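Below are two complexes that have chain A in common, paired first with chain B and then with chain C.
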Partner chain A sequence: MNPFLALIGRDMRLAIRVGGGALMGALFYFTVVAMTPFAIGPDLNLLARIGPAILWLGALLASLLALDRLFATDHEDGSLDLLMMGTMPLELAVAAKAIAHWLTTALPLIVITPVLGLMLNVEMSAMGWVALTLLAGTPALTFIGLIGAALAVTLRRGGLLLAVLVLPLTVPVLIFGVAAANAAIIGPAPFGPPFTILCALSLASLVLGPVAAAAALRQGLE
Partner chain B sequence: MAVIDLANPTRFLTLVNRVLPWLIGATALVFAYGLYRVAGAPDDYQQGATVKIMYLHVPGAWLGMMGWGVMTVAALGTLVWRHPLADVAGKAAAPIGAGFTFICLATGMLWGRPMWGTYWVWDARLTSVLVLFLLYLGMLALYWTAEDPNRSARAAAILALVGAVNIPIIKFSVDWWNTLHQPASVVRMGGAAIDASILVPLLIMALAFTLLFFTLHFAAMRNEILRRRVRSMRMMQAREVPV
Partner chain C sequence: MSTDLIELCAKDLACERGGRLVFSGLNFAVSSGEALVVTGRNGAGKSTLLRLIAGLLRKSAGELDLTGGAAGADEATVAEQSHYLGHLDAVKPALSVGENLRFWTTYLGAPRGAPIRPALEAIDLAQLSDLPAAYLSAGQRRRLSIARLVAVPRPLWLLDEPTSALDTQSQSRLAELMRNHRAGGGMIVAAAHGPIGLDDSRELKLDAQAGAGS
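Right after this comes the complex of A and B.
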């Protein structure tokens, strides 16, 4: 079996089974979005206007949540050392872990987005667009977060340090994600430019993320 | 003297101790001349005397960005050449760069109050400097949480490189975000070319601040080397204590 696919499968099984917490990100996302109206009031017009922004912010925070366990558990039980000594390039192994992480945390979150959008009074027809921007943008969040996760595990620190390191780097993703979602719903700016830049950010971080994360692991854990 | 010769910290310390007094003197002289020129510079016909904040604000912004540049070069030195002083240079540059970025933000806010009527607007430039400041704080947080200097040096080097790739993207996206959300609502300087009577003092002040940066940087590098020596001496001492 292809080791790349095998690693994705292993990480997904670990996340889905007991003790994994694959759906924890989606649950956190749901809770954050549900908490927002308590902070800003139940005005449906206001919620409809800032709905895409709330959904994006929730997705950003939820994708950060599970990141610090991405390498930490493997580091604790020694399987990270095996991955580093294996024949598969570390960049690929790290990318496989990130893909598995995206499939188990970001994808459920995108699936429940239309339902949450209804609660925020975002129109049903527009929800598809918001979900599409999340689909295009969350890989960038995962792969930028991958760098932070690798740095955090070499320093044996996680949690807040990870958030402090990663959040400023995700500013462009947030900007173009919300811009594309708003362009699709409210207009009048065209949807194309921000959306294609969002895709470009995802593709660029797909390259930069694994390379930087593998470098961090090699430098830090040797 | 080749860069590789400076790999020996003792040799580097000798050089720093020889250069630092001259650097301090040059900084003081250029600052004195620059402040004299600033005092003689005319007020802006619109902004009055508050335009003098610019002589602190603009060099602060330049050196805030240059600080990350120094860290990027140091990061390459750490990761590619494994130069022993490179991570000392990077670590020493981080708080100084953060300090200059803070000067830029603080003076900008103080300047904004009389000119724009508010301390803060979510203007593209302000926002990208703010994100740069957040990146600096993340870097400092990384240094604070790490116990082992070697480990933190490499992590910080990778973060510096990732930041160097990202900073232009952040700048670009913030510009986009700003034009999308709000048209330029504030009076911007730079519409007209700056007159020489203001530009020359500004450049002198920029030179003075650059000298200050390197003076502080050299002194901070010296302190960091001494701090590491103290650390290893303490460890050796602890090892010698009879059980």
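Right after this comes the complex of A and C.
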């Protein structure tokens, strides 16, 4: 097993074990979406219209939830020092941690999305499309959040700073994610353009996120 | 480990932290089989020097080079060829002793399929391999962290007060490991206040430097 896979494996194992926080994102997401109908009232048409937006907002907030601990725990127990001394570039190590984070927080959330459609009066077939937009868009959220997590690593209460730093950067993802989901459900705008932009945002952050986060970590440990 | 001559050489090394000059004009050289003990009062910059060699801090002036060694080692940075044993043990409580060590051995680049058992035996932890690290005492966590040095061969060991929390038996174990490491051509740079069981080591006193800096 190479260092990259070993790091993904370790982080996933840590997330799944007691006190890890995997599924916390999915649970938070479920709660937000399940409470919405109670707040909005029994207007089924309205629910169906704002459904994709609610799902995307829930996914956005859920993916930020555990992000501030991503590097903080490793920093506190000295692991981060050793991670920086590996044979693999720090950029790759950071990317491995982000992938593990995505697999344990974002993926469960995408899996339960089709079921949540029932709560928001969105058709089952359309929920598949919404899940697809989340699948394409959530990597961007994780990898943009990665930069904030790296910047906030030495702060005790980095969570709030993280939200302030990261949320503005995720606005484009939110816009195109909801646009693609709406196009798939209601139309008449085509699904293709917003969805491809969403994919482009994810791919770009996949490249830029680890580089920026690694630079932030190197700077932060001075 | 290769028996070729390896040398860690520092010229005019200086480090600045938070706008304060911690030390400057530091010169030393350590080669295969040698040990350097860094001494000095609290705040003299012992840990800073070790972290700087480990690549975890940036030097503000001077040169630091690791020359010689295995083929291709010239391209590797000093950090990639050294082990850093700091005050923190880098042990995850949720993972077992074996899982902790296996992760670090893979991550730090041990040869594929290298067994971790010998390293655990070397430091008397083999029987605890399946125990979650949360149940370890401070000394046992320290030993788990030391097992990493044995499991992955790297020529330079940077030890920051390595004997803290260790009982006398483990201290002599560590002394034996350090002897073996040096006999195999390795180098040790350690920060310490008291004796840590290194025979015929040289001393680098940081006090004067700190005085010059302030």
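Everything that follows uses one rule, which is that the second predicted complex is superposed on the first by the 218 of 222 C-alpha atoms of A that agree within 3 Å, B and C clash if a C-alpha of one lies under 4 Å from a C-alpha of the other, contacts with A are read in each partner's own complex, and residues count from 1 in each chain.
Note that a contact is a pair of C-beta atoms (placed from the backbone, for glycine too) under 8 Å apart; a residue touches a chain by one contact, two chains touch by 3 or more.
Note that the coordinates shown come from a computational prediction; the quantities given were computed from them, not determined experimentally.
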For A:111, is the partner it touches chain B (first), chain C (second), both, or none of the two (neither)?
-> neither
Just chain B (first), just chain C (second), both, or neither: which does A:207 touch?
-> neither
What is the contact status of A:35 with respect to chain B (first) and chain C (second): first, second, both, or neither?
-> neither
Looking at the overlay, what does A:3 touch: chain B (first), chain C (second), both, or neither?
-> second
Is A:13 contacted by the first partner chain B, the second partner chain C, both or neither?
-> second
Touching partner for A:151 - first (chain B), second (chain C), both, neither | first
Can you list the residues of chain A that touch chain B in one structure and chain C in the other?
-> none
Can you check the complex and tell me which residues of chain A touch chain B?
-> 147, 151, 154-155, 157, 161, 164-165, 167-169, 171-172, 175-176, 179, 189, 194, 197, 201, 208, 212, 215-216, 219-220
Can you list the residues on chain C that touch chain A in the complex?
-> 17, 51, 54-58, 76, 79-80, 82, 84, 86-92, 94-95, 99, 103-104, 106-109, 112
The answer for chain A against chain C in the complex is residues 1-3, 6-7, 9-10, 13-14, 17-20, 76-79, 81-88, 221-222
Within the complex, which stretch of chain B touches chain A?
-> 79, 131, 134-135, 137-138, 141-142, 145-146, 151-152, 154-155, 157-159, 161-163, 165-166, 169-170, 172-174, 176-177, 180
